[in-house]
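Have a look at these structures, which come just after this line.
Same chain, two partners: subunit A is paired with subunit B first, then with subunit C.
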Partner chain A sequence: MKTLDPIAVKQITKVNWAPFYLLGPAALLMAMFLLGPLLAVLGLSFTDYQLGAKSLNWIGFENFIELYHDKNFWRSLRNTALYSVVVVPTSVLLGLGVALLIEAQKSFKDFYRTIFFLPVMATLIAMAISWQFILHPSFGFLNLLLKEFGLQGHNWLRTEGLALWVLAAIGIWNQFGFNMVLFLAGLVSIPRHLYDAAAMDGASTALERFRLVTWPLLGPVTLFVVVITAIRSFQVFDTVAILTKGGPSKSTEVLLYTMYAEGFEFFKSGYASAVTIVFLVIVLALTLIKTRYLEKRVHYV
Partner chain B sequence: MSSIVIQKISKSFGVTSVLKDLSLTIKDGEFVSLLGPSGCGKSTLLRLIAGLDVAEQGSIVVGQHDVTRLPPKARDLAMVFQSYALYPHLSVYDNIAVPLRMRRLNAWQRLPGVRLFSRVQQKIEREIRQDILEVAATLGIQALLPRKPAQLSGGQRQRVALGRAMVRKPEAFLMDEPLSNLDAKLRVHMRSELSQLHRTLGATFLYVTHDQAEALTMSDRIAVMMEGAILQYDTPDEIYRNPSDLRVAEFVGSPRINMLQGWVCEGRLEVSETARKQLENSYLDLSVEAPHGLGVVVAFRSEQCSLVSAGQSALQGVVTHLENLGSETLVHVRTKQAKDPIIVRIAAQAPRVQLGSLVGVSLAMLPLVFSEHGPRLSAKTGWQDALQTASALAFEAA
Partner chain C sequence: MFSRTLRHVVLLLLAAVVLFPFIWMVLTSLKPPEEIYVDHIRWLPDRMYWIENYTRAFTKAPLAQYLLNGVIVTVSIFLLQVFVNLPAAYALSKLRWKGREFVFGLVLACLLIPPHAVAIPVFLLLHQLGLLNSYASLILPWTISVFGIFLMRQFFMTVPDDLVDAARMDGISEFGIVWRVMLPVAYPALTAFGIFSLVAHWNDYFWPLIAVNEQALFTPPLGVVHFRNDDAGTDFGALMAAATVVITPLLVAFVFLQRRFVQGITMTGMK
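The block that comes next holds the complex of A and B.
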């Protein structure tokens, strides 16, 4: 029987702490600013805590039951969904289209790339204020322009049934530049020789090349873009808070704005936490769909 | 199956001219290689023939049709790419089906789901299936049909790429370095398979490569290209034995051909490292038809010379390196006449040479003589008696 070398045994049993030290700072920050607040929100959603209150009571699922019966919450969920249903496909297709056009031409590539990407880099709150001026009913640029052409302007942000669409348009304007950049990167990574092969195989029109090579090979990028855009659309808040405050008559009330209003205007922190949990579940579901289900289909391995 | 005739074709990218007035004729059913170093324009020429690039001048005729201005689809040529260029999202079956579907089905019939209700589409798809199975059987890839390209090895991908080219039964095959991504062993194997395939199909093959072994082993004829021009277009034997230009002699053959600097002194050849200087006993007994004073290069292959004892030849030097290849040994001899070491090929069973020993090199046959500008010069031995050629070629002993 072999005797164990005591030094070797010591080396095996000795834990190497260095990786943990190196992980420490990042893990600590994650715990403080991500996991901690998340757990706090989860905890608060089961209480009747009000902002500034000295005490709180455990009320179980009562907040969620109240949410379930709250017409306002359903309305805001519906508005958010409608906003996303408009913004996601439009900004994805627009991003793809612009990326294809930029990639197809030779000159001014950087110029177009920059101007389409500007809205993404700009602070949305500042941009929202600019939009407020543009959309102003009496001296706004848009209505003045329409008047020049003899068209009737609108009170864009104060008309029920119109305001949400205006917000969606601003959302598209804000997001498609980002999608465009991702698609541009995706287009560059498609091997040139696949287009040569497609030409030899008989794909002679741009549409045939797109169907045979570009679209399938952009699959992974498209999936990523759709999920990112969907998550960002569900997070719409800045424009609503600045331009409409959920109005008129709650027609632009969205999930995050409801949360903000309940929590910081009515100080119903427990209730707002419950809204947040619903929001997080939706975002988490989107991410899960991406990682679990779709990735297998679009990555060609 | 068709001939390909290229006439006076020119192509430049911006200010750099890639091809200049190039002409080339490939006979029906011939296997022709375009051989040259990278950047010589051979791939550009292939792309022009394929229709992937457009020539500025000249004409390309495939069979009876002038295809110079036609798009690739109308030329009916198939191409095999260096990187295989398989569609990663399609199965092997669908990859091979692409060229057939693009040609036999119209845009509507190619839409997904049409096969559910279009009888015509179903019938065409059945025919396509037959053709694919036939090609798969020829290449032995039936088992791979349901797989995706990412699940295949390099050799298997190569076969699939060949299948995609073959399935359409094109006029001619264009191949752009198709074996260069394979490992050495598989490359040798695929060489014989490609030759076999060429014989079976009887089709015209135009094969681009920078690997002289591929060109020499497979081709009926080789076009050696350099700097956008064809230097020599001939059978592999002629290219190897009878190169018309120094650059061809240098490029073809492994190890590289041995070269001695020399110059013409009143119709006779002087060999010296320092040009124009008459060294005592440094001449080869060769007469050359060239003006006095012209710089020349004397070239001979490693198997056209042998080792002799140091005293027997003026071409002598020190053994600096031995390359044992198993079946033979390459002996590197550094001489004062040549810039690079002279490489002598000796049989494995020949007596061993020691590193650092002094040896002589004797030429077994008439060497090739080139002007230093490239073209071949005719040279003949100064001795009239042909039987004594061999001994005459040994450098005069000191």
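The block that comes next holds the complex of A and C.
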């Protein structure tokens, strides 16, 4: 425990309104836009509320039961999981690989880092439109390139069984630079002398040094990167909304898109809230893992 | 294992793939229709057509209005975030009062809420207040940033108490201390947060899609999608021009402020 300094004691002894007016606006907005809505979404998920309806009824777990029997919802959950299962390992490994390659350079580090980071910050909506043109069945670069090699092109975004993979590829393109930066930060913090020590112990190849030093010390960062990427993958929305709208025949429907469609296109607020709760539980579980790690790191540093 | 040259070859190839959507977007925005709708790959435009494409992007759609909206929304959000969250962070770090730990606990709890999860109730609330379809609906929900409070609080914890005490001796009010003592000190953390905030809200599509349906209020991402859907479905030259315009402001800022950008955006991971 810290001891109180005299100034602080003086602060306590007289009535001090400062915290209240300094925190007032933030507290009010926090209640209005975060805590209140969080309780409301939970409450709504137990009602049959439809946007614009005059009244609403408490229907218990009916939304969740409907959800359980809703093939579309399961499909959406499965698609989101599949998307994440593809995007998370690929973008994490790619991020790590690129970070290792860059870190091994003496020159052009900033040059590469800048390029790989561009997709992270460029407006994804605008870039998705560029991808759409690249993937265009008749005039798109990709099909024209395949044609040069005598290969058959595809209607990439309109083919069931292909569209989700294409979206995952765009997701990887969009995310791995972010992971690269986190890995680069992790690599920089590994003390040089550990590599010297490993070399003295006979670790002569780069692969051995990686196995003995880099990988163990990068372990916590890797866990952190995996969880963040998973959270971001579960929130995939932009590319789905503008490239496929969940199609063809629901093959790219993902959780947030289902929530958006139910809530804001079909105006089924109650049902959409139930979808939100499922989304929330998954993201919350992932976030808790991450927070655990962050706390640990704070303790060690 | 890898020789130096091989490493560069791998990195350069990957860089080419990563950059390709940018390059192709810009190249297409320079080409006339007869060079866009072709049955084989054509890299560079034979006939420069960029003036026509960019003119159509700005005249067939109110692209300038979209950009202005983007600036109004992102700048307002950031300024209000500073105004709301900096004093809160100060009260949670440099003042000692009963209930501080509880309030800070609430802030930490709010950090766990993904913004998508509260979209429905926030939408209903703004509907009740009659604020949908206004700049307020685009700005207001983001003025509270628990992440901003958390970040600035952590930063303020490292500021020596002596600095604050000296200001109190000089008779500066607590409110005055926030702006005259803490704000100048907080500059590095605030810049990183500012970049994070500006990038996140310039690029945001989900919330504006829900909050507004009036074209005059569209932010750049909404605007460029609307342009694709309604005006320029197959006019790829103009569409790529519009997309290029939308990403340019951030890209230019990024080139000049690289390190701060990387720092600011990767902070989202800590969120």
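The rule we apply is simple: the second predicted complex is superposed on the first by the 259 of 301 C-alpha atoms of A that agree within 3 Å, B and C clash if a C-alpha of one lies under 4 Å from a C-alpha of the other, contacts with A are read in each partner's own complex, and residues count from 1 in each chain.
Just so we're on the same page, a contact is a pair of C-beta atoms (placed from the backbone, for glycine too) under 8 Å apart; a residue touches a chain by one contact, two chains touch by 3 or more.
In this text, all values refer to a predicted model and were calculated from it rather than measured experimentally.
**Q** With the two complexes overlaid on their shared chain, look at subunit A and say whether subunit B and subunit C clash or fit.
**A** fit
**Q** Which partner chains sit in contact with A:216 here, subunit B, subunit C, both or neither? Use first/second/both/neither.
**A** first
**Q** Could you work out the angle between subunit B and subunit C as seen from subunit A, using CA centres and rounding to the nearest 10 degrees?
**A** 90
**Q** In the superposed arrangement, which partner chain does A:26 touch: subunit B (first), subunit C (second), both, or neither?
**A** second
**Q** Name the contact category of A:46: first (subunit B only), second (subunit C only), both, or neither.
**A** A:46 sits against neither subunit B nor subunit C.
**Q** Identify the partner contact of A:203: answer first if only subunit B is touched, second if only subunit C is, both if each is, neither if none is.
**A** In the superposition, A:203 contacts subunit B only.
**Q** First (subunit B), second (subunit C), both or neither: which does A:193 touch?
**A** Once the two structures are laid over each other on A, A:193 reaches subunit B alone.
**Q** Per the contact definition in the header, classify A:83: touching subunit B only (first), subunit C only (second), both, or neither.
**A** neither
**Q** Tell me the contact category for A:120 with respect to subunit B and subunit C: first, second, both or neither.
**A** The second partner, subunit C, only.
**Q** More residues of subunit A in touch with subunit C or with subunit B?
**A** So, of the two partners, C touches more residues of subunit A.
**Q** Once both structures are overlaid on their shared chain, how near does any Cα of subunit B get to a Cα of subunit C? Whole angstrom is fine.
**A** 15
**Q** For subunit A, which residues belong to both interfaces, subunit B and subunit C?
**A** Overlap of subunit B and subunit C footprints on subunit A: empty.
**Q** How about subunit C: which of its residues touch subunit A in the complex?
**A** Listed in rising order, the residues are 1-2, 4, 7-8, 10-11, 14-15, 17-22, 24-25, 28, 36-41, 83-85, 87-88, 90-92, 95-97, 100, 103, 106-107, 110-114, 116-125, 140-141, 143-144, 146, 149, 161, 165, 168, 173-175, 178, 199, 202-203, 205-206, 209-210, 220-221, 224-225, 228, 236, 239-240, 242-244, 246-247, 250-251, 254-255, 258, 261-262, 265-266, 269-270.
**Q** Per the contact definition, I'd like the list of subunit A residues that touch subunit B in the complex.
**A** By the definition above, subunit A touches subunit B via 191, 193-194, 196-204, 208, 212-213, 216-217, 219, 300-301.
**Q** Give every residue of subunit B touching subunit A within the complex, in rising order.
**A** 47, 50-52, 71-73, 77-79, 81-83, 85-90, 98-99, 102-103, 107, 148-150, 164
**Q** If you look only at subunit A, which of its residues touch subunit C in the complex?
**A** 4-5, 7-8, 11-12, 16, 18-19, 21-23, 25-27, 29-30, 32-38, 40-41, 44, 51, 98, 101-102, 104-105, 108, 110, 112-127, 129-131, 133-134, 138-139, 141, 144-145, 147-148, 173, 177-178, 181-182, 185, 205-207, 224, 228, 231, 235, 237-238, 241-242, 256, 259-260, 263-264, 269, 272-273, 276, 279-280, 283-284, 287-288, 291, 294
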